[in-house]
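What follows is a set of structures for review.
In what follows, subunit A forms one complex with subunit B and a second complex with subunit C.
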Partner chain A sequence: MNIFLHELKDNRKSTIIWTLSLVAVVVLFMALFPSIAKDSEAFKKVLENYPESLRKAIGMSLDSITSLLGFYSYVFTYVVLCGAIQAMNLGVSMLSKETREKTADFLLTKPVTRTQIVTAKLLAAVVSLILSNLVVIMAALVAAQAVSERSFDTKAFLLISLTAFFVECMFLALGILISVLVPKIKSVLPLSLGTVFGFFILNMFGSVIGDKAVRYLTPFKYYDPGYISKHQTYEIRFIVIEVIFIIVAVTASYFIYAKKDIHAV
Partner chain B sequence: MNVIELNNLTKTYGKARGISNISFTVEEGEIFGFIGPNGAGKSTTIRTMLSLIYPTSGSATIFGKDSVKFAPEIKKEIGYLPSEVFYYDNMKVKDLLKYSGSFYKKDCSQRIKQLAELLDLDLNKKIDDLSFGNKKKVGIVQGLLHEPKLIILDEPTSGLDPLMQQKFFDLLKEENKKGTTILFSSHILSEVQKMCDRVAIIKEGELVKVEKISTLKENNHKRFKLETKAPMPQGFLQIAGVQNLEIDGLHVSFLYSGNINLMLQKLAQLELLNLWIEEPDLEEIFMHYYEKGN
Partner chain C sequence: MNLFWREMKANRKSLIIWGIGLLFMVVAGMAKYEGYSSSGQSINELISQMPKSLQAIIGTGDLDLSTAIGFYGMLFYYLLLMAAIHALMLGANIIAKEERDKTAEFLMAKPISRTRIISSKLLAALVNVVIFNLVTLVLSLAMVSHYQQTGEQLDDIYLLMAGMFLVQLIFLAVGAVIAAVGKRPKRAAALGTVLLLLTYLLSIAVDLNEKIEWLQYVTPFKYFEAKRVLADGTLETTFVAITIVVVTILIAITYHFYQKRDLQI
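Then we have the complex of A and B:
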């Protein structure tokens, strides 16, 4: 419990900054919606002039972009991207920061098992992400209601919003796994930015070529807003893949960390 | 009862040298020195005992329990002060010590206050703002606040001024009187001599010898360096107790163990320009032990 609270406190500052940034992204983007909705025909014409592949790459769909959910789905791509970086940062730094800041000797000579340490830190990271998501989703909902003149499907809106957390969980797990596999991580941000953007570019690439196999490779493609708003549910096979991935990655991380030598600084 | 028992403890790294077949025991209530030059494997041994790293073969038993299997249980009664102290920089000293104390199921606040006062440590400062010496004090308090039965110190005195060192040694002796066992690793012979009952000498990852300090003092070696007016006669210093004799023109140096008076009488026969008598450095003592081994 003491490690959990300590860790939560340690995450506080970065969680607040990430949350505020995400809220800003959502609110600023949503503020553009009224003008787009007003001149929807003109806007669609402009978009038509763009090459189709570019529209696909940035996730714009002509049919839905002028509806609130469609526009939100487009904005949401970037929320998920930022959230993924946030989660990956948390995951990579969780265990590696003790080595980097040379505090591992302090923590690991206390009467706790390494398993307990990982559990406490993992819980703190998940709680940080949950809190961050709650605030962002609430801000998004308020912003959406403020800019939308017609009523919209709130359930679909929330279902889409929740997927940010699902994607974040995957990157959190991936981050932890990387942090126990790489012997010495000098700085976290380049690593997490590189990984997350790698998957994001794969996602854009997949949209352009329309290859179905790519969907399985990048978490950014697991939860398609179009499918969610149409069916009011998620595609079950991707949930299964996600759960399996997380279980494997986290279990492996526990195992590797428990066996790992903690070297002197 | 043996508080520490190392049985052929071996740790090998890919390329770097580790430790091989280290075996010794430390009894309850002892202050046990662990001495060797930098990179000899002192820290590796200690880190293995604390299961920060895991042995390649052999084992360490602490309080009669295997150090890997029962690690969390054993650590309840261990206080550890690493050679370089690093703590969460943005925490206050007070909060860090409270956090440290929260791992043990007892109230440590009184003890923290008492130790901080003794060591003259400001509890309200941020760790980041502390000097190296003051960080070391945080380390000391952190290692002692739960009144452990075994204190493990890895080169504890670096960064402390002589006055503070003395206070620290007094504190350790006081703990020792209460029955606490202390493992004291150092590369400084004099401080080990001052504190310890027995020492283990380690070099290049291997245990050279475990010896009582009193015995170590008996084969007290001195390094003699002298400058003579005329070249020294051949075979002048061929007497028992002289080692590593080096003659370079008018400069002569050697290690001597034995009756100092005899040596001085001998040297009085020479016409000297200069004379130094020094404590040999560790390296030389180790050389001595190696020669003995062969």
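Then we have the complex of A and C:
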């Protein structure tokens, strides 16, 4: 319990900074919504001069992307990007910081097992992520209600918002796994930034060219907002993939860390 | 000179990893061009009439994805992002790492002035950035010429790479300044990342709303955009001038502050 509280305290500052930045991002982007809605109306007038088949094809997608939920899904991509970096940072630094800051021998000579240490730290990281997500979701909801003239589907909105947490959990697990596998991590950021942006670029690129296989490769694509707002639920197979991945990664981390050679000063 | 080679060696591994990332990105990205079914002339024309904000959400901008070079233009967005991350991390770490790894005392006790230390380090960073750029250039030329249809101009790639180089310089200098001026060298990379994310998100926000177009001067990601470079066939003089001035000032500040820096040991 002491380790848990200490970790929470240790994460406090960075969690607050990340949360505030995420709130700022959401509010900034949602503030742009009214002008998008106006642009969309104007463009629909231009569309009237085009043949009907074309109008239907484009008009449909136009309606869905310029509705509040559609625009929020677009903005949300970037919120998830930032959230994933936050989670990956937490995951990678959680165990590796003890070695880096030369506190490993202090901690590991305490009468707690390594398993307990990992559990306490893991819980603290998850709690930090949950708190930060709660604040961001509330802010997003308030911002959305402020800019939207028509009412929107709150349930779908919340379901979409929740996916940030799911993606973050995956990156947290990945981060922990990497941190126990790599012998020595000098600095966390280049590692987590490289990984997260790698997946993110894959995601952005994949969605422009419409590649289906990419969906399984990058966590950013597991939860498609279009599907969620239509069916009010998540796609089961991606939940299954996520759960399996997290269980495997976390269990492996426990085992590896329990036997890992940790260098004292 | 020893210091220069030492730095080159220290960064070799990370440069190789980045190179593999680039290889994957360019080769896999352009390979998708073959499979990309162009949506046809009429849709391209239609998209070009859309308001800019809607183009941004759809993700293609007004690039003509049916040509190899237009498709490459889209890829270039992500290459630029990778280059910026690389340059920023390099600039921040190359200066901050002495204090982080507790090697500052060792280095500063050597009979070379701080100015020379910074010069060697910056030179090594510059060479790294140039190599990064050349690798991208060679890969891009090879892949685009492989997929191009007859009669397409490849000269634009040189121009895009020149633009990318200027952006790399900015982020390199920003990283160096943060590490040299900031009180806590450990936070240098983190602070730089915040700045990078901020400017990246800002560049997206600028696309979404024309009213905040003046903000394009603040974010380097907007300076040499593929769509503008490909349309104009030249880099915009204003932005080139801004880059040169900004980089010069930042480098001068780096030297000035590092001279008097109170090292954290």
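Going forward, the second predicted complex is superposed on the first by the 241 of 265 C-alpha atoms of A that agree within 3 Å, B and C clash if a C-alpha of one lies under 4 Å from a C-alpha of the other, contacts with A are read in each partner's own complex, and residues count from 1 in each chain.
Here is the rule we go by: contacts are C-beta pairs under 8 Å (C-beta built on N, C-alpha and C of every residue); 3 or more make two chains touch, one makes a residue touch a chain.
Bear in mind that the values here come from a model prediction, so they are computed numbers and not experimental data.
Undergrad: One more residue to check, A:Val25. First (subunit B), second (subunit C), both or neither?
TA: A:Val25: touches subunit C, not subunit B.
Undergrad: Considering only the touch criterion stated at the top, classify A:Ser151 as touching first (subunit B), second (subunit C), both, or neither.
TA: neither
Undergrad: Which chain, subunit B or subunit C, ends up touching more residues of subunit A in the combined arrangement?
TA: C
Undergrad: When the two structures are overlaid on chain A, which partner does A:Asp105 contact: first (subunit B), second (subunit C), both, or neither?
TA: A:Asp105: touches subunit B, not subunit C.
Undergrad: Now for A:Ser40: first (subunit B), second (subunit C), both, or neither, which partner does it touch?
TA: A:Ser40: touches subunit C, not subunit B.
Undergrad: A:His6 in the overlay: touching subunit B, subunit C, both, or neither? Say first, second, both or neither.
TA: In the superposition, A:His6 contacts subunit B only.
Undergrad: Could you list which residues of subunit A make contact with subunit B in one structure and with subunit C in the other?
TA: Correct list for subunit A: none, the interfaces share no residue.
Undergrad: Quick check: in the complex, which residue numbers of subunit C touch subunit A?
TA: Within the complex, subunit C touches subunit A at residues 14, 17, 21, 25, 29, 32, 35-36, 42-43, 46, 49-51, 53-54, 57-60, 74-75, 78, 81-82, 85, 89, 93, 97, 100-101, 189-190, 193-194, 197, 201, 204-205, 208-209, 211.
Undergrad: Can you check the complex and tell me which residues of subunit A touch subunit C?
TA: 21, 25, 28-29, 32, 35-36, 39-40, 42-43, 46-47, 50, 54, 58, 62, 65-66, 71, 74, 78, 82, 85, 186-187, 189-190, 193-194, 197-198, 201, 204-205, 207-209, 211
Undergrad: Using the touch definition up top, name the residues of subunit A that touch subunit B in the complex.
TA: 2, 6, 10, 101-106, 108-113, 116, 259, 261-265
Undergrad: Quick one: in the complex, what on subunit B touches subunit A?
TA: 43, 47, 50, 52-54, 71-76, 78, 80, 82-84, 86-89, 99-100, 102-104, 142
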